[in-house]
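Across the two complexes that follow, chain A remains constant while its partner is chain B and subsequently chain C.
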Partner chain A sequence: MTTRGGHIGALEGVILLFASLAAKLFLQYPAFLIDVGGPAAWQVALVMTASALLIFLPAAALARRFPGLGLGEIGQEVTGPALGTLLTLAVSAWLLAAVCITIRKVTENFIVAMLPATPPSMLIIVMLICVAYASYRGFEALARAAQILFPIVVTGLLVMLIFNLPRAEPGRLFPFWGYGLQQTALAGVVYTGMTAEAVALLVLGASFRTPDALRSSGLIGVALFGVTSAVVTAMLAMIFGPPDAAQQPFPMFTLARLVYLGRFLQRTESLIVMFWFFAAAVRIAMLFHAAAVGIADSLGLPAYRPLIFPLAVLVFSLSLLPEDFLVVLRLERDWIRTTGNLVLLIPLLLLMIAVVRRKGGTVGAP
Partner chain B sequence: MQFWQWLKRSLDPSATFQNQAFSLGDRGSKPAAEERGSAWLKDAEMRTERVLTHIDSILQAASQGTEALAQAGDITPDLSVNRRRLEAMFRLPVNKDLILREVEIATQPPTRAVVCFMEGLVDRNVINRDILQPLMLLTHLAEEGEHGPTRFSLRLVVDRLLPGHQVSEKQTLKEVADSILSGDTVLLFDGERTAIAVETKQPPVRSVTEPKVEQTIQGPHDSFVEAFRMNVAMVRRRLKDPRVVTEILTVGQVSSTYVAVMYIDGVVNPKLVAEVKRRIQGIRVDTVTDVGVLAQYVEDAPSSLMPTSLTTERPDRTAAYLAEGHVAVFVDNSPHALIFPVTFWSLFQTAEDYYLRYPFGSFLRYTRLASVLTSLTVPALYIALVNYHREMIPTELMLFLAAARETVPMPSLVELLLMEISFELIREAATRIPNIIGPTIGLVASLILGQAAVEARIVSPLLILVVAITGLASFALPNVLASFAIRLLRFALLIAAAVLGFYGLAAGMLLLVVYLSGMRSVGVPYLAPVAPRMEGSQDTMMQPPAYTMEFRPRHVRPVDERRQADITRPWDPMNRAGTERNHDSPQEGGSP
Partner chain C sequence: MRRKTLATLLMLLLLPMTLTGCWDRFELEELAFVLLLGIDKGQQDAFAVTAMIAIPNRMAGSSERGGGGGGSKERPYLITTVEGPTVAAAVEMLGGYIDRRISVDHATAVFMGEELAREGVMQAMDALIRHRGFRRTNLFVVVKGTAKEFLNKATSDLEQNPQRHLEKIAANYRQYGLLPAHGQIHHFVTHASTHYLSPVTYYAALKTEDSPSVRTRTDGTDNTNTVSGSLPREGGPNLEFVGAAVFRGDKMVGVLTGEENRLLLMVQGRFARGILTIPDPNDPQHHITLDVRRGRPVRISADLSGSHPRITGRIALEAQLFETSSGIDYTEPELQEQLEEAFEKYLERRLRELIRKTQDWGTDIFGFGYYVARRIATVPEWLAYEWPERYPDAEVDIAVEMTLRRFGTQISPPFSTE
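Then we have the complex of A and B:
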C-alpha cells in the first residue's frame, strides 16, 4: 500500500475539488462555454453540472464497495493486474496531461497579465517547485493549504464580480434559451468532461477518512463548481456580451482589468491575478499528486515520493512542447476535454465489472 | 662559546627560548590519555568496591525475606569506608563544595555519624537547629522512661529525633549523592546500612517579578522564576484541583536537571502525556540548561522556523492551557514553561486577550495578524511594485517615487536590503546595550541612520517608511520565536519578489502555507482547528466570548471535552427561557 501522506475529511475534499475545478474559471473555460451556449451559457454550465453529478455516482459507489482503497488498487482487484494497471495508468496519464496543459495555460496567462518579459520556462519551474513540494508534503498538507488559501481565492473572484456589477447588462442574457434547448443540453452533456478532475478524488480514495467523505467531496465540490461557473459565465455574458466574451483569450483577466477601486488604487489586476496563482497551484498540485499516487498504486510501488522529481521533469518538458498558446488551446479542446469524458467513464466501467464479477463489499451497490 | 650564546640571545631572544607556550594538545593527539586512564581506573576501582559491598548486603539480606532484599544497597556498616567512598565520588579534598561534618549522637552508647551536605544549596539554619541540635544535644528528650538511657536505632532518629518535614531513607551511595546534589542533607551512621536524607533545600533563587516579554495591562503581574518548584506552585495556586499532576523526570547525565511534566488527569488525553514523557525520557544528553534546549530535543520539527511548542513565562497562561487539556513542561533553572501541543493560532494570542472583553481581544489578534502580514510582505510588495508592477502605483505617487529615486544610484533591492540589514543591526545592538541606554541608542541610531541615508542619497525617503513599518510590525507578535521566524522569512519573500514580482511572492507564500499545513505539534495539526476544521472551541483569530466557549479545544482530544455548562449566565433574563427548557441545573454536564 502506497504511503499517501495523511487522511482528509469531506470539507477538505470539497474545497480541494472546488479549488482545482474553479481554477479553470480563470482560464478559457468560461469562454468555451459561452462559445457553445451563447446567452444561455450558464444553462450549459448547469446541465453540465447535473450530468457530472450523475456520472460521479458510480465513482462514489465504487469507493463504498472498496473502502480505504484508491483507484489503482480497486482496478487491480476488479479487473486483474494487467487491465487494472492499464486503466489506472491511463487515468494518471490523463491527469498528467491535464497538469501539462494547465501549467502552460497558467504560465501564458501570467505572462500576459504581469510578467511580459519573463520566459515561460522560468515561471513553469517556479510553479513546479511549488507543486512538487506540495505533493512531497502529502495530500493532507495540500488539502489543508487549500483550505487556508480558499478564502483568498474566493475573495479574488468575488471582488471581480462585485466591482464589475455596474457594467453588467441583464439584457445580454437574452434570448433566454440561447441557441435552443437541444444545443444547450447537448453542449452540457459533451462538456461533462470538464469535471473529469473529480476522478482524481477516486485515485486518492485511500486518503479519505470514509467513503462517504469521498462521495460528499465529489458531489458537493462539483455542484459548487457548477453553480459558480454558471454565475461567472452569466456575468461575463452580461458584461461583454456573448460574442465578445467568447472571443476573449482570458475573459476573467479582462474582467480584472476593468476593476476600478478609485484613483488611489488602479490597475489592480496584478494583485488579483496573484490570488489566482493559489487556485492554479492547488489545482496543479492536486492533479499532479493524484497522478503520482495513481502510478505508484498501479505499479505496486510502496511510496509515491520517488516519482515526484521524474514526473516534474516530464511535466516541465511536455508543457514546453506546444510552440504557442493556440496549440495549447487546440490540444485542450480536441484531446483533454474529449478524453476527459472517457476518463469519467472508467469508474462506471469498473463498477459494472465489479458488480458482474461480485467483487468488493455489497454496500452501495446500485 | 659564551660569546656566541650571548650574541645569539641579543640578536634573536626567541631563538633560545624553550617552547613554553601553553597548549591543550596538538591536532590529532588524544586529550590527556594518561590522565584519563588513571581517572578511569580510580573510578572503576571504586565502582567495583561498591558492587562487592552491594553483593555482600544482598547475600546477607537473602535470608531475611524479600523486603530486606529490596532494601539491600552498597552502603556498608563501616562509617569510615562510606565516608572514603563519598569523598572519592565528590573528588574531595580538591572539591570544597561538599561538607562532611562528623558528629557523635548523644545516645547510650554514643553513635558516630557523618552529616553531608552541599554548601550553598542548603538552609544552614535548618541543619543547625533541626538536625545537629536534636541529634547532639536533645536525645534525652526521647528517653524511654524506665527502660533506661536512649539506645541508638534508625527508627528513633527518624521518628523522634529529626523534626524535618521530609525525611527519606537511602540504601545506595548513588541515591545519597543525588540527594546531596539536590540540596538535601544526608546522615550516615556507624553500623547502619541505611542513610537518612533530610530535606534542607534552599537554592539561590530570585523572587517572583513581573514578566519581561509577556507584559499585560490587565491581569496578574507575576512570572516564572528559575526554581521549577516555585513555578509549579504558582500554577497550582491557580488550579485547586486534586487531579493536577506533576511528574518529575531527570534529564542529562551531567546536569541531572529536573524536568516537571504537569497536566490535569481526567482532562488531558493520556496519550498526549505518554508521548511527551516518552520524548523527554528518550533524551540522551549531558546537560539541559533551559526549556529552549529541551524543546529542541522533544519538538516535532526542531529545525523549523516556526516553533512547535509554546514557551511562556506566565503562570496564568500555563494554568489556562492545562485546563484546556494541554501538557506543561518545566525545566529546573528555567523561568519558562513549555506547552504541548501548540497551534499556529496560539502564537497570536496573549493572556490579556481573555481578560479584556472578546471584541477587544479579537481586534488585538487581527491587529497582530495584520502586523505579521505587513512584516512579511511589505518589503516584498514594495520591490514587486517598483520593479514589476509599476502600473499599480497611482500616477502622482509614481512620479514622486521616480523623482526621489532618480538621485539614488542603487537598484531598489540593494537599497532595501541595505536598510533592512541596518535595521536588524540596530535591533541586535539595542538588545545587547545595557538596559538604561539601550532604547535611546536604538532610537537615535535609527533616526540618524535613516536621515543620513536619505541625505547621502543612498536610499529613497519612501523606503525608510517601508522599513520602519516593517520593523514596527515585526514587534507586534507576542511570541518571540515566531517573530524571529517572521524576521527571517521576510528576507526569503523579498528575494522571491525581487526575482519574479507578485508571481514570486505568491509562490513564496504558497510554499509557506503548504509547509505550515504539513506541520504537527505532538501529533496535532499545526493549523488546527481551522485546517483541518474541528468542532469544539474555535478560539483562533476571532476570540469567542468567554461565556460561549463550552467545550475545550477538540484538537488536543481532551478526555473531558466539556469546559462549562451550556448556560453560563443563568441569572440573565435573556437565557432564562433556555435554562428552564434545556437545563434544570446550570452546572449540568460541567466538569467536577
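Then we have the complex of A and C:
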C-alpha cells in the first residue's frame, strides 16, 4: 500500500467530489447539456444524476468488500496482476486525460477572457505547480484546502445566479419536454460519463476512514452535483435562451459579466475568475493525485510521490497537443465523456468478478 | 505543520493572479477609453465606426468645476470615425492615429445608424458579443440618421459625461415607460436567437432645426404618441430618447411611439407607471389625465386548437386621477365607472391597432411566443409550428381592466364662484 498521508471522512469526501465535479459548471459542461437537452437540459442533468448514482452503487459495494484498499490494489486482488493492472491503469489514464483536458480548457478560458497575451505554457506551468504541491502534500491536505475554498466557490456561484435572477425568463424552459422524452433520457444516460470523476474516490479508497464514508461521499457528492447542475442549466436556459446558452464557451463567466445592478454593482467577473480558478485547481489536483496514486497502486510501487514530477511533465506536454480550443472541446465531448462511461463500469466489472471468484470480504456484498 | 502546508497551498492557489502583471499588464495613462461607439454603413468599406474617446484630464476638470462642468465649453472627449471591412477591423484602425492603446472595456453603449439597422445588425453584432472588451450589458441604440452625426452633435447640459446621461435616460423607462424594458446587446441577441419574441431596442434621435417644435394632435391619442426626433418642444438637450426600434429577426422594420411602447410594456407586464391623457368622455374638448400603474399580474393564454392561433389576455391597471380640465367631478360613482370604461376602451383600441401594426410587420414583439411554446410539447414540434410565420394571422384579444383607486390630494375639482 502506498503512502497517502492522512484519512478523511464523509464530509471532506463529499466536498472534494462536489468541488471537483462542480468546477465543470464554470466551464463548458452546462453548454453541453443545453445543446443536447434544449429547454429540458435540467431534466437531462437529473436523469444523468440518477444514472450516475445507480452506477456508483457497485463502486461503493466494491469498496466495502475491500476495506482499506484503493482501486489499484483491488484490481490486482480480484483479477490478478495482469488484467487488474491493465484495468486500473486504464482508469488512471482516463483521470490523467481528464486532467490534461481540464487544464487546457482552463488555460484557454483564461486567455480568451482575461489574459490574451500570456503564453498558455506559462499558465499551465503555474497551475501544475499548485497541483503538484497539493498532490505531494497528500489527499488530506487537498481535502482540507477544498473544505476552506468550498464555501467561497459556492457563495460565488449563488451570488452570480441571484444577481442575474431579474434576467431569467421562465418561458424559455418551454417546450417543456425539450427534444422529446426519449432524447432527454438517452442524453442523460450517455452523459453519465460526466460524473466519472467519482471513480477517483475509489482509487483513493484507502484514504477514507471507512468504506461507508467513501460510499456517502460518492452518493451525496454526485447527488449534490446533479441538483446543482439542474439548477444552473435551468437558470442559463432562462437567462440566455437555449440556443444562445448552448453557444457559450464559459457561461458562468458571461453570467458574471451580465451582473448589472445600476452603477454600483457591475463588472463582477474579476471575482468569478478567482472562484473559477479555485474550483478548477481543486478539480485538477484531485484528479491528478488520484491518477498518481492509481498508477503507483497498479504497478505495486511503494510510494506515489516519485511519480508526481514525471506525470506533471507528461500533463504539460499532452495538454499543449490539441491545436485549438474547438479540438479541446471536441475531445472532451466525444472522447473523455464517452470513455468516462466505460470508466464508471470498471468497478462494476471488478465487483462481478469478485463475487464470482469469491474475493474480498462479504460485508455489504450484493 | 498541517497549518503551514495548508497556508502554502492556499498561497500557491493565488499564484496565477500574479500573472496579470506580466504579459497582459497595462498602465492606465497609456490607454484611450472608448465611452460610446457608433456603427454606420461605410462609404468605402462595410462599416464606419465612430468612437467617443474620453480625454481624462478634461473629465477630471469638469467635475472639479462643480457637478457637470458648467465652466468649460471644451468637450471632455474626442470623436473620430474610421472605416473598416468589419467592426473589429475598424476599431483596430483607430490605433493607427490615436497615440494611446484603444480600450473598449469601459464603453457603455453602441449606437447604430437606422440605415444599417434596417439592413441587418447581426454582422456588426458578432464583434460586440465575441470581442472580450465589449460587454453584453452595453446599451444598443438605433438612431435616426447616422450614429456618426448623432455622436458628433449630441449635447447634454445636465451631464457633461455622456455615459452618465445615457444611463439616466435608460433608467427612465421605469418612471415614464417611454423606452423598452430591454435595450442591452444581451437582450437583442437572446431575443433574436429564439422564436419566443422579436427584439426591440432603444430608438434615439437628435432634435434638429427641422424638427417640429409644436405639434397639434388630431387623432385624439395620448401626447406620448410621438417618437424621438419629433417631440413638440423647444430648448433643452438636443437628444431625444422616446419609443423603440422594432426588429424582425435582425432587421429593423419599424418604430414604436412612446405611447405604443407603454402598451408593449403593459402586455409584457413590465409597465411600472405613466401619465396617460385622453379626451374627456363627457366633454371631448377637454382632456383628462390619470397616473396609471401596474395592477395584478398580466394573464395571457394561447389556444392552438383552431385554424389560427388565438391569444387572449387581461391587463389590470390601477390609476389615480391627476387632472380634469373640464371640471367634471369624476368622484361620483357612475361617472367614475364611465371614466374607467373610457380608459379601458381607449387602451384596448390602441392595443388592437398596435398588435395589427406588428402583425403587418410580421414581428411578435410582445412575447406571445412564450405562451404558445407552453402549449407545445417538444422543440421539433415548436420549430415546425413556425410561430413567427403564424403570428400575422393570430387572433389576439387583450382586455384592459382599469380601476380608479385614488383621486389625488383633493376629492372634487377646484371651482370658482365667478
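Just so we're on the same page, the second predicted complex is superposed on the first by the 361 of 366 C-alpha atoms of A that agree within 3 Å, B and C clash if a C-alpha of one lies under 4 Å from a C-alpha of the other, contacts with A are read in each partner's own complex, and residues count from 1 in each chain.
Assume a residue touches a chain if its C-beta (ideal position, glycine included) is under 8 Å from a C-beta of that chain, and two chains touch if they have at least 3 such contacts.
All figures in this text were calculated on a predicted structure; none of them were measured in a lab.
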item: Fit or clash between chain C and chain B when superposed on chain A; value: clash
item: Partner chain in contact with A:T268 - chain B first, chain C second, else both or neither; value: first
item: Which superposed partner A:V126 touches (first chain B, second chain C, both, neither); value: both
item: First (chain B), second (chain C), both or neither touched by A:R137; value: both
item: Chain B versus chain C as contact partner of A:G178, first or second or both or neither; value: second
item: Partner chain(s) touched by A:I148 [first = chain B, second = chain C, both, neither]; value: both
item: Comparison of chain B and chain C by chain A residues contacted; value: C
item: Touched partner set for A:E12, first chain B, second chain C, both or neither; value: first
item: Clashing chain B stretch [against chain C; choices 507-515, 543-551, 561-569 or 579-587]; value: 507-515
item: Shared contact residues on chain A - chain B and chain C; value: 110, 114-115, 118, 122-123, 126-127, 129-130, 133-134, 137, 141-142, 144-145, 148-149, 263, 266, 274, 277-278, 281
item: Complex interface listing, chain A residues touching chain B; value: 8-9, 11-12, 110, 114-115, 118, 122-123, 126-127, 129-130, 133-134, 137-138, 140-145, 147-149, 263-268, 270-271, 273-275, 277-278, 281
item: In the complex, chain B residues that touch chain A; value: 388-389, 391-392, 394-395, 500-507, 509-511, 513-518, 525, 527, 530-533
item: Parts of chain C lying in touch with chain A, wherever the complex brings them together; value: 2, 5-6, 8-10, 12-13, 15-17, 19-20, 22-24, 132, 135-137, 167, 171, 184, 186, 189-191, 193-194, 196, 367, 370-371, 373-374, 376-382
item: Residues on chain A engaged by chain C in the complex (per definition of touch); value: 38-39, 110, 112-119, 122-123, 126-127, 129-130, 133-134, 137, 141-142, 144-145, 148-149, 167, 169, 171-172, 174-180, 239-244, 254, 257-258, 260, 262-263, 266, 274, 277-278, 281
